[in-house]
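Sharing a structure, written as structure tokens. Questions coming.
Letters A, B, C, D, E and F name the chains as they come in the text, with residue numbers starting at 1 for each one.
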Amino acid sequence: MGKRTVVPFGPQHPVLPEPIHLDLVLEDEKVIEAIPQIGYVHRGLEKLVDKKDFKQFTYVSERICGICSFMHGAGYCMSVESIMGIEVPERAVFLRTIWAELSRIHSHLLWLGLTADAFGFESLFMHTWRLREQVLDLFEQTTGGRLIFSVCDIGGVRKDITPEMLDKIVSVVTNMDKELRDVTSVFLNDSTVKHRTVGIGLLSKEKALELGAVGPMAKASGIRRDMRTQGYCAYKYLEFEPITAEEGDSYARMQVRIGEIFQAIDLIKQCIEKLPEGDIITKIKGNPKGEHFTRVEQPRGEALYYVKANGTKFLDRFRVRTPTFANVPALLEILKDCDLADVPILILTIDPCISCTER
Amino acid sequence: MSILSMTKTLFKSIVHGPYTENYPAKPRENYERTRGSIENDIEDCIFCGMCTRQCPTGALEIDKGEKRWSIERMQCIQCGYCVNVCPKKCLHMRNQYTAPDTEKVKDDYVARISDH
Amino acid sequence: MSFNKKSPWILHYDATSCNGCDIEVLASLTPLYDVERFGVVNTGDPRHADILLITGSVNGQSIPVIKQLYEQMPDPKAVVAVGICATSGGIFADCYNVEGGVDKVLPVDVYVPGCAARPQSIIDGILKACDILEEKQKALKGR
Amino acid sequence: MSLIMLLILFPFITSVLVYVIREEHTRNAIMRIGAAITAVLTLAAAFRFFGAGLRVSVGGTEVIDICILIVEVCLAAYIIMTGIRERKYLLSFFSAIQIVLILWFEFTQKKGIETGTDIIVDKLSSVMILIVGIIGSLICLYAVGYMKSYHVHHSEVKERKSFFFAVLFLFLSAMFGLVLSNNLMWMYFCWEITTFCSYLLIGYTRTEEAKNNSLRALTINVGGGLAFAGAIVIVGTNFHIMELSALTAKRPVPLVLAAVFLLCVAALTKSAQLPFSSWLLGAMVAPTPSSALLHSATMVKAGVYLIIRLAPLLGETVAGRIITLVGAVTFLACSLMAISQRDAKKVLAYSTIANLGLIVICASVGTRESIWAAILLVIFHAVSKSLLFLSVGSIENELGSRNVENMDILMDVSRKLAVCMIIGISGMFLAPFGMLISKWVAMKSFIDSKNILIVVILAYGSAATLFYWGKWLGKLVSNGHPKKGEQHPGLHLDEKIPIIIQAVIVLLSCVAYPVISKYVLIPYLQDTFGVAAVIPIGAGDQTLMILMVVMISLLILVPLGYAPTSFLKKRRTTPIYMAGENSGDNKNFVGSGGVKRKSEMSNWYMEGIFGSKRIGFWSNIISIVLLCAGVILLIGRWAS
Amino acid sequence: MMLAVKILLIIIFTPLAGGLLTGFDRKISARLQGRQGPPVLQPFYDVLKLLQKETIEVNPSHRFYVYVSLMFIILTALIMLTGGDILLTIFVLTLGSIFFLLGGYASQSPYSVLGAERELLQMMAYEPMMFMTAAGLYYVSNTFFIRDIVNRKMPAIIYLPAIFVGFVFILTFKLRKSPFDLSLGHHAHQELVQGISTEYSGRSLAFIEITHWYETIIALGFVYIFFAADSIGTHILAVIVCLIVYLFEIILDNSTVRVKWQKALSLAWLVSGVLGTANLVVLSFFNF
Amino acid sequence: MDEQKIKEISPDEILIETVDLHSAGYRLVAISCTGKDGVELSYSFDKDYDFIHLRVNMDYDTEIESITPIYGYAFLYENEIKELFGVKIKNIIADFHDKLYRISEEAPFKEKEEE
């Protein structure tokens, strides 16, 4: 029995945009064992409920993560609204949905780019991110922020989208749809890309269920589960089918995410078509009391927000269970017996958001 | 089997030319809503302290006596909450963001002592 | 003649960033902003880097990492704190597991404000750091 | 003539002396003196007969033949008994047929066959005795030091040093006899003696494994001996000759080819070519001096020596083609399999087989250039490989392991050994050392003789060679961290001297090759082929020499890398990069759960691709098929 | 005397040309990616900056191998460009590469060692084709000397089209371009951090960069040999082909992923086996 | 929004209830904990969007059985709760021994004495 190679992978590592550490035990380049360590991004922001009141906390919840920032904010607001029994204006609900779906496009494009980079396809990364910039630009024009919008508030949204802007959004996403077809066809059809994704990180349907995978991770293994079908926000007015794939490998996950991008473009168009006129925010009075579990479908999958309030302006407890947290067991599973070269792709394939996970 | 399927996009971008915004050479025009820096029309400020209490990061500070409103630029997260809560609507968000600096900048706004 | 200004290679480390500034750092490499125009390469290896870009505030676990990365960088080197969290801890300054801004650990040369810092700010920050690098290079020679 | 007699008899006498005298110091003294005298005798003999050569007929061959026969019968009896006792009936069977064949031939057919020249000393045999004598005696000297440490480490093995040393010298004696005889009967006798000696050496430790492996070696080599005996019978009964030189002078008619083919099969078993290579791998259980002796300078070289001798009858003939292909399969398969080995001696073993395969290819291609390359390969391989074996032996004593992975600390433990090891490995595959030059010429000759397949195989085999030597070299230069408080016994003077001398020989050999080429190879080839020989390396020899010198001087700079390079400027030293989780020293990092974890680095072995099981199985089958095809073709040729 | 001047010119101008090519490479890559890209002289700025910077070491010996490697690569360039022996060129080039990867081993840092291991694997992958290229060139011209090969009536490419294609395939390894940039890529996001060069900084890193410039020219030099013959026209053609091949490599770099080692090895061996063998067999069939 | 289905159980019932849910095909969504006025654990389960919660109220000294033997992937939640709240959970498969986040402060969410 010869020696093995034991190397630290992360926290600082060029393929990892976020710090996470793995003790990798390799034989040749085959991963024998991968022991994770997180906590490099742990801030303990759930504890901030003691120091920030529930209104300020909107801004904290937005900063759980810079990628899915909007949905975190919305998820928190929805929980508080449920506890306080606030009716959110319809227009605000639709606006939230538009931003949420735009966020989904931006998040998936970001992921596609990073994945391209992880398997050494720099030009694909560049082009994917170039397209993503158009979405960010829409964000900046509508909310003022590129990543963190500070636009969602308890009771509604703080900024309206003007009709001109709505037209622009439609034209931008329509345009982008065209350009995206070119780029995504490289992801889906190029045989060298397939070499790095097909059959890599196989997660069977049974395993996915057993490990509690969520989001595209589960969808790619043939589990049809999408919180949006529960009809929160404006989804109850929209027509869509959750996108699934059967193979459960990295390629299938890529398929699902690319499908979701195009789906999101369609949903945005639907929203803009059906967007009602009216107020965008309801004034709130008093402090919340009670508790609520809210689930939303983020780009990465199902996220759970739990808010417990005691009637003062400081909450008792805010908890968020992010999709990446639920997908970590699945990651550990697919990391078994992979190649070192696959490690970055596999870590990325769950679309990790470490700062979400560790809060 | 498709190899070099990327070339289509590559050649397109050669034809199109670089997408790069020549940033420092060509300054960027920000949008109207761009979240930049918080400014205070200090003459309208009544130094009520609403903004300092509500600021999530504690970047704001007022001195009622000296009629000074100051902001830690390197602490402000541009959430705009202070703008929301300001009763006099003297705070507003400019669409120019604070430039990077080697020091932590603190901006003071001092109102002229006028005789109301 | 100092060439530090012409080829600042960066090392990016995410201390406890929310990913916002993080992806903006990456975004500044992409076609629209293209920091490679200034010779910037995102090396990912402290030995090759001239500028350490840190996003996010620091916590107990990331302090030794940051210190080590800084130590492993060759002189002259500069530290750029990107984003409000890295400059002062931002909204998370009160968290139990946050020690504060990067300046608690390393001598920060340039602060880039913003939440999240925009690519333009990051470009400005890098260019500012280049000047600092050049000064440091001169100081090294003089020694 | 008497010098030659002395050369053969002196090691034998030493052997007897060493066996009889059991007192440690006296025996060691005899060993050292014996080794030295053997070396001197070798040199003397080589120089004495180098110019003119020597062809003698020994008077009174009758007496010698009777003696030989008696010894052979005794040996056969012993081997048959052993076979029966150990239930290796195949062995007994081989041996029985063999002795019956020989006895039948001796008493019924041999009458009237006159041997003109029994002993020939020409350029080739001079080179061979130089290799055997110098390297062999260095190994004997080394054995003195090595066995001392060996028994310290392996207390479970019964001490039988006298026996061991005696067999070593006996082996040398037999080897001298083998390369000097022209009489096939004598050669056969020496051949059998080396087989038997190797059996004794491999079985030295008397463990179960050693016993099995030694019996396997014996079986295979006795099988080879059987082929040899068969060849003698064919040659003797059909052509009434008993001389190798007379055989090679014959035209390649089918019967001659059959004999040559049989001799080649014998040579293949000796040289451990596929499918007969398993004995060499098994032989690694023996103490290192015996491995070094068997696998670098002597035993295995006997096989290729015979093939080189037979080269004029190979080449374009059926036998030649088959042997070339077997060599090619061996070269490629063993080069690939060496990649998956961790045990240093296993790597050396596979590399030995592979290189012997290359030599077999070169010899059996049979053009002048290829034989030129073959002889050079024999020389350089012997020199480098014995250095490697000796170094690995000492490393094993030093580190208590011969796993390549554990050699990363060698630079710290014993710089001298590490540098010698690096020289040895470089000698095996890097420019400007001889092996590579020879390969180069070999390739040229293959292209010239339109052996495209062989060129391709050479290309792939060399690439694999590069890989396994490269990673070993990497382990040697890596500055590992020896565990604190670990004991390293240090080198014995008797080990150090031979290793250093050999390292120097390796270094010298790369400048010596034009000399060898000019004074040894070209005259030899001219004698053998009767045509004015060409210099295989083109007109640029002079420039090449300059470049060689430049390269060597660059290579010599390598150890300087360890000298402090920072006299001019103090350089900052920092811990290595460990993704930001270095724990302060260069050994550990802060792993998951905040635990200090040792960072380990190990080479690639790619067992899934280059595992010896799969490749070994298929390459054995291919080579067996090739040999069978050879037999069928030869029968077909003969029948028509 | 002439020789000395020639040697000096080679030593000076080879890296300049290599650096310039690298500069164009980066510019063109950037354009392909829709970016503006760095100035063409950027590689020189980088190296000059690295020369000014502090050089850190992790142990006393690891930097040394890089310098030796550079020396051997320079020697290779000299042998090649003065029309020396093509096999010797390959051998010395191999020696240079071996020293480079020994540097990786010597630093005993996880990613350097992994990089060295992969580099070794790459060498194993491309070596057969290099070997067969030399064999093919010898086959058609009966000499190993480059100056004689390029002075023949017909350029070698006419007889060795398949070997040329195989060689261009292998060139991707040598130029460290995707899909075969396993051990040390020019792109940032590589699972091996920076492979062998992980532990090198300052001056040593600059030398690695310069070594790479030499290597680029040497690699293209092989392409040149295929096309050059004894008329001026063919030499011009050879230069043009070199540039086209380089451009092709850039495009390839930008439109493929980094393959895994299994694929790299099997592909390289398969391509060299099929193309190289086929070409040589055809040649021998026509009894050339 | 929809009604919350919370079922209060005692600490020693947790395994039985979880086994039932597991065999009924429910998936564990999250384990949440609130540290004010003793420990309040919420185990959230889901099956085809049927979202139910088990609620355990106990004090800091009570030990609760880990559900990792039933839901293997609960180890992350339980380790987190153990580390951040100082709740005693026994028999966790893959116990990180309070080293999941390696935080500088001990059990920051645990209610401190002065309140």
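Operating definition for what follows: a contact is a pair of C-beta atoms (placed from the backbone, for glycine too) under 8 Å apart; a residue touches a chain by one contact, two chains touch by 3 or more.
Please read these numbers as outputs of a predicted model, since none were measured by experiment.
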Most extensive contact between chains (C-beta pair count): D-E
From chain E, the most remote chain by mean C-alpha position: F
Geometric centre: closest chain by C-alpha means: E
Taking each chain's C-alpha mean as its centre, the one farthest from chain B: D
Mean-CA-position distance for chain D and chain A (Å): 65
Whole-Å gap separating chain B and chain D, where each centre is the average of the chain's CA atoms: 79
For chain D paired with chain F, centre-to-centre distance based on mean C-alpha positions, whole Å: 69
Length of the line joining the C-alpha centres of chain A and chain B, rounded to whole Å: 26
Where chain B touches two or more other chains, by residue: 3-6, 10, 13, 18-20, 56, 77-79
Multi-partner residues of chain E (each touching 2 or more other chains): 30, 32-37, 54-56, 110-111, 113-114, 188-190, 193-194, 198-199, 254-256, 262
Multi-chain contact residues (two or more partners), chain F: 101-103, 108
Set of all touching chain pairs, with the criterion as stated earlier: A-B, A-C, A-D, A-E, A-F, B-C, B-E, C-D, C-E, C-F, D-E, D-F
Partner chain C, residues of chain E touching it in the complex: 26, 30, 33-39, 42, 45-46, 48-49, 52-56, 188-190, 193-194, 197-202, 205
Residues of chain D that touch chain E when the two form their complex: 408, 430-431, 436, 440, 443-444, 447, 450, 452-453, 455-456, 458-460, 462-464, 466-467, 470-471, 473-475, 477-480, 538, 540, 543-544, 547, 550-551, 554, 557-558, 560-562, 564-566, 571-579, 586, 599, 601, 603-604, 609
Contact footprint of chain A on chain C as seen in their complex: 11, 13-24, 26-27, 30-32, 42-46, 56-57, 59, 61-62, 65, 69, 90-92, 94-98, 115-116, 118
Residues of chain B touching chain E in the complex: 3-7, 10, 13-14, 16, 18-20, 22
Complex contacts: residues of chain A adjacent to chain B: 52, 55-56, 59-60, 63, 121, 123-124, 127, 130, 140-145, 148, 150, 158-159, 182-183, 185-186, 189-192
